[in-house]
Structures are given as structure tokens and as C-alpha cells.
Amino acid sequence: MSIFGLIEYKDASPEVRAVYDDIMAARKTDSINNFWKAIAHDPATLKRTWEDIKQIMAPGALDPLTKELIYVAVSVTNQCPYCIASHTASAQKKGMTDAMFKELMSVVGMANETNKMVTGYQVEIDAQFKK
Amino acid sequence: MSIFGLIEYKDASPEVRAVYDDIMAARKTDSINNFWKAIAHDPATLKRTWEDIKQIMAPGALDPLTKELIYVAVSVTNQCPYCIASHTASAQKKGMTDAMFKELMSVVGMANETNKMVTGYQVEIDAQFKK
Amino acid sequence: MSIFGLIEYKDASPEVRAVYDDIMAARKTDSINNFWKAIAHDPATLKRTWEDIKQIMAPGALDPLTKELIYVAVSVTNQCPYCIASHTASAQKKGMTDAMFKELMSVVGMANETNKMVTGYQVEIDAQFKK
Amino acid sequence: MSIFGLIEYKDASPEVRAVYDDIMAARKTDSINNFWKAIAHDPATLKRTWEDIKQIMAPGALDPLTKELIYVAVSVTNQCPYCIASHTASAQKKGMTDAMFKELMSVVGMANETNKMVTGYQVEIDAQFKK
Amino acid sequence: MSIFGLIEYKDASPEVRAVYDDIMAARKTDSINNFWKAIAHDPATLKRTWEDIKQIMAPGALDPLTKELIYVAVSVTNQCPYCIASHTASAQKKGMTDAMFKELMSVVGMANETNKMVTGYQVEIDAQFKK
Amino acid sequence: MSIFGLIEYKDASPEVRAVYDDIMAARKTDSINNFWKAIAHDPATLKRTWEDIKQIMAPGALDPLTKELIYVAVSVTNQCPYCIASHTASAQKKGMTDAMFKELMSVVGMANETNKMVTGYQVEIDAQFKK
């Protein structure tokens, strides 16, 4: 299931349980994804990763759904099956409709296509876009 | 500037000019990016790529700005300097603020980090996420 | 199990057996990983790949464990499940502790995160780092 | 030089200066790399990224040089020129010799080669490596 | 089997059936791959993707087998198991022998190796190759 | 120009010169690319890499031009500017026409697009393609 196995809530240390509790409260759910149960074997990393995600995925200039769509776009580009499955589910929970998912996939596919073509043609950056 | 050079409007065939005209009309601009000028050496590809992008990036279930943010997210994950420069500029034109860009970068960075960690820990997809 | 199936020792040609024998001797084991059994269908590639790995992974300025950690880091970044599973096992055999693995994953995650951020922000290489 | 330009120490807010000071103290240097000056436009990200790196790259089960070699390995696999240049310099500062660098490159190259071959041959993970 | 399930011919709309018919006619087969059945939930994307592939993979300056070998090379480099399995089968159908497959894998492996080494060594493009 | 600089023929050791001579003879040219001059700082790697490439890129079941096209396809997918520039030049020298290059780019772009779409839609491998 994972290199060190998964740490369930009932078997978790108080330190790990505190993070699990915070994840469940923030996400309004009573289950914890396998990812967290896997990295719980490294409590410092569990805590750091969760704190980072909580800060980064919070509503801000971008709304939570948009952030989740971006997360899926990256996961698809990296071809990470776990990440695609879990973040697609998160996006759906945050309001992604089927129509949105389909458009998301088309944009991701197109971007991957043109990213390669522009590099293959050895195109120089337009003067007005240079930083 | 590109493997075959760049085809400027004044030197373009009627077939290529028709695409350039459509790009400039759709984007409300009077300039054409180097990418299009580079692939214009292959008019069928120029036309197909532009028609695809026009269809895919049009307003739909996702608004044009969200689509452009996704394009940038993919381009950053692929580490394509041309694509990042040009699509960041497009996103700004469509309303991306500096605050949005900063959050976009944080989400992209975070997603790339956890994509690798979950794969490295060999985490199995949660039963409820399997398709 | 693989595109052409796996060639077991008992079914192998003398040419392939010689490589298998050398792998088992070098690794002090009596089993051969599926990777070798798969590419054994191309004996020249089997031999070349093994000779290369033997030369590259030998103790040198870097010790064998450090080299194996680097192999895992690349495999995780490429999101290659087979490679992660087999090279993590090799690293453990060479002395990687659980604590080392956890730190390895954190470094790999962090590096992937900042690799993308620096490219996304379009940061120019510092003058003192240019070659 | 970067999308929003680089924030020099003299122009930085107290919040940003505090991070710069901590970076310079930790690294025993009086200069700040462009990466930090670029993301300083987002002080929360600057602080979070630095705190994460400081925690992750600290001596632990793996020594700082090994961690830096892993950072370079990821950066090369991602083909990120900025990251390669800056982390190669960091690794040299932490004791990487030319001989170590050469071996690092050979391992990274080899790992990238076999990662693809094993996937291309569609090799199934050996039973004993499955988690 | 896929996020929205697979649309079989008997359950398909006339619009989707028209594409399925064209795929089967073009490929001289009476079955449709799962990829098409999955994206058939987005008929516009199904149609656009098929029209693009039909145009791009048609005989031209490069013959269909060479194009399919290139497709496999990209799929292996992206480490996409579905794509490798399906396009390897397509290539075999178009005449790829076992010997060709083996050489293909060796070239792909080698290219991935040297791509990383040249970037890691920070090699500048030779003057005569610059565009 | 490269991390350790470039070793020119006149400054090379007999060991390195022997490889340079073999490269020039095999390629019917009197110049050596920067890549070789950069890794010549590690003569064992120079020799191993050249011997591997010579074996792999030799005419076989696939002709040299096809192999070079595959090399370019991988280099574009990896977005490696040096590799694209040098292997595109090699392919041209081996007979790649402009029309071939354009079709190559279209196939590479298309493959990158569908690789991501199939993964994003979480499509299961068709039963008949499983190994």
C-alpha cells in the first residue's frame, strides 16, 4: 500500500493525530487520504506538508476550485495516477462539473502539444515578452 | 530566431495571412507572436493548431482567464521558457493580477512537490478514488 | 510481464547466462530482476547496459549508497514505479535506513518544487554561476 | 531578470530582510541568490520556502553534501538551467569535487536511460519489490 | 475503466458513432480503443482529436510506421503506460519487427541519457547549430 | 561554455584524441561538438558514451535517419535546447528534409497531447494490449 504501510488514526501518535484532526476539520470529512497516512511515518514532513498545503490552497486571489484545477493540470502533465485520482475527486467536491473537467483536459493537452512544438522549432522569445 | 526563420505578414502567402488575420481579430491585437511566425512554414499545421486553440481556449464551462492560468501551470511544469513568457503575458492581458500569479506559482510548486512524494512513497490509490 | 516475456536462467543462451552470472556475482544474490530478464531478448543491449551500470555504480569518488540514492531521486522525479521499487530495494540493501529514505523524499520533493518556481518566475542565472 | 524584477537588500521590507539575514547567516555568505530576490515579491512564499529548505537541507540521516547532490540530480533530470547552475555551485561549496560531479552526471544519465527502457519494455514490478 | 466510463458503439450518439465509424474504416478494424471510448463523453474533443490524428499520422514525407515509432518514443519518454501499450501495438500492426522495437528502445534510452548529461554539464550550443 | 570548459583537440590527451579521431572518422567531419569536448574532462565517460552511441546509432533494423528522428523526438519531449539543435542538424545531414521535420514536430506535439489526455481521463489499458 506504501513503502512503510499506512498509519491509521487509531494507531497514530498524538502528534500525527493532531495533523489528521486538522485535515479532517479543514476538509469537512472524517477520512484521511492514503498520502497522509503514508508520510505520517515522517511526522515532521507530515506537519510541514500539511501546513504548506493549507496555506497555499486557502482562498486568496484565486478561489479554491481554480487552485484545485491547477493542481490537476500539473498532476496530469506529470502523469501521476495517484495525484490525478485524488485531486480530480477534490476538484469535484469543490464544484468542478464534468464540463469543466473536459475543458481542463483539452487545455492541458493543447498546452503540452504547443510547449513541445515551440521548443522543437527553436523559437526565440518575442522581444516584448522578455524579462 | 527559429529553425526556418519567421514569416512576417508582408511576406506571407494568402493562406497564412488568413490565419494571421484571424489570430489578430480574435486577440484584438495587431501583432503576431513568434510561435505562429515559426510554424507558418507549415501552413496546414499553422491552421490546425490555431483552429484547435481557438476552439479550446474559447469561453465555456471555464472562463478564458482560468484556461490561461492552466496553460501557464503546464508550461511551468514542462519548464518551457518561451511558453511561460508568452502565456504569462496572455494571462496578464486577460486579467491575471500579480497576486494571482504568485498564488499560481505556489500551487504549481506544491503540486510538483507532492506529485513526486506520493510516487516515491509508492502510495496506492485510495479505494474510493479508483475508476 | 513484459513485451516479449521474461527469459529465465534455465532458458537463457550462454551469452545471456554469462551476463546473468556476472550480475549475480557482483550483487551477491541468486536472483535476477525482471528488467534484465526483459531486455535479455536483446543480448547486445543486455550486455552493454550491464557493463555500463557496473562501471558507473562501482565505488569511486561517490560511494555505492550515495549513487543508489541518486538513482532513486531520478526515478522518483521521472515517476517510474518499477525503478522506484527496485532501486529503493537496492538502496536498502546497501544501507539506506528508513530515516535516510524519508529525508531523500523530502529533498526530492523540495527540489521539484523550487525547480518549477524558479522557472515560472523567469529568474535569470546569477552572474557568478554562469559558465 | 525575473517577472517582477529582483528585490535587493537595501530596498527590502523588514519582513523580507529578516529572511535574507537568516539565509546569509545559515549559508555563511553576504550575498543572496536571484531566486530569493525574485520570490521576495511574495513575502509569505519567501518565508515558507526558506523555512522548508532550511529544515529539509539541514544535517540529519543524510549529510548536507549528499542532499545537495540529490538536489542537483533532480535539477538535471528536470533540465532546469538555473537550478543546475546554482545547486552545482552550492554542492561545490559543500565539498563536491570534480570527480564527484562527473560520477553524479554518469549516474543521473544512466538512471534516466534505464527508467525509460524499463517502462518501454513494459516490465512488471518483481513480486519481492511490491508494496 | 476511466473517469466517466467508456461509451460503447451501441450506446453512442450518431455524432460519436460517425467518428467511431471513421476510425474503424481508417484503421481497417472493427474495434475501438478505450481512449476514444473515454473521450467520447466530450464529442467535440473526440472529433477534433481524431481529425488531428488522421491528418498528422497520414502518409507524407514520413511513412506511417516511422510516425508510429516516433509516437512510441515520445510515449516512453513521458512514461505513459497506456500510450506505450497501444502505440506499440499500432506500430507492430504497421510493420514494426521485434528487432526494430529493440533498437527503438536503445535509441530512446540513449537520447534520454545524453539529454540530461549535456544539460548537467551546462554545455553551450555550438555556434554552427544556433538559429 | 560548460562547467569545466571545453577540451580542444590540440589540448587533448592521447586517450581523448583517440575518441575524437574515431568520432570524426565515423561522422566524416573534422569538427567535434561541444558535448564531447565538455565530457572529455571525464575520459572514461567520453569513451563509454561514444562507444554506446556508435553501437546504438549504427544502421540495423532501423536506418540511421530514422534513429536520428527518434533522437530529436525525445530531445523535444525533454525540452533540451542543446540536444534539439545538435540532433536536428545531424538529422538534416542524414537526409531529413524540411517536410520531414515539420511532420516530425506535428507527431511529437500530438503524442504529447494525447499522452496527457489519456492519463488525465484515467483510461485503463485495453485487455488486448496488456502484457
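First chain written, first letter: the chains are A, B, C, D, E and F, and each begins at residue 1.
We take it that contacts are C-beta pairs under 8 Å (C-beta built on N, C-alpha and C of every residue); 3 or more make two chains touch, one makes a residue touch a chain.
Nothing here was measured: the structure is a model prediction, and the numbers come from that model.
Asks: If you check the contacts of chain C and chain E, which chains show up for both?
Replies: Correct list: A, B, D, F.
Asks: Give the chains in contact with both chain D and chain E, ordered by label.
Replies: Of all the chains present, those in contact with both chain D and chain E are A, B, C, F.
Asks: So chain D and chain F: same face meeting same face, with over half the numbers shared, or different?
Replies: Under half shared, hence different.
Asks: Per the centroid of Cα atoms for each chain, what is the distance between chain B and chain E, given in Å?
Replies: Roughly 21 Å separates the two chain centres.
Asks: Hey, how far is the Cα centre of chain A from the one of chain F, in Å?
Replies: For chain A versus chain F, the centre distance works out to 34 Å.
Asks: Can you work out the whole-Å distance between the CA centroids of chain B and chain F?
Replies: Here the centre of chain F sits 27 Å away from the centre of chain B.
Asks: Among all residues of chain E, which ones touch two or more of the remaining chains?
Replies: Residues 1-4, 39, 52, 77-81, 85, 88, 102, 104-106, 108-110, 112-117, 119, 121-122, 124, 131 of chain E each touch two or more of the other chains.
Asks: Which word fits the touch map of the chains here: line, ring, star, complete or other?
Replies: Chain contacts: complete, every pair touches.
Asks: What does chain F use to touch chain E in their complex?
Replies: Residues of chain F touching chain E: 1-4, 31, 33-35, 38-39, 49, 52-53, 56-57, 60-62, 66-67, 69-71, 73-75, 77-78, 80-83, 85-89, 97, 99-100, 102-104, 106-108, 110-119, 121-126, 128-131.
Asks: Which bits of chain D are touching chain F when the two form their complex?
Replies: 79, 88, 98, 101-102, 105-106, 109, 122, 124
Asks: Contact residues on chain A for chain F in the complex?
Replies: It comes out as residues 72, 76-77, 79, 81, 84-85, 88, 104-106, 108-110, 112-117, 119-122.
Asks: What part of chain A is in contact with chain C in the complex they form?
Replies: Per the touch definition, chain A meets chain C at residues 3-4, 39, 41-42, 45, 78-80, 131.
Asks: Contact residues on chain B for chain E in the complex?
Replies: Those in contact with chain E are residues 1-3, 44, 48, 52, 55, 131.
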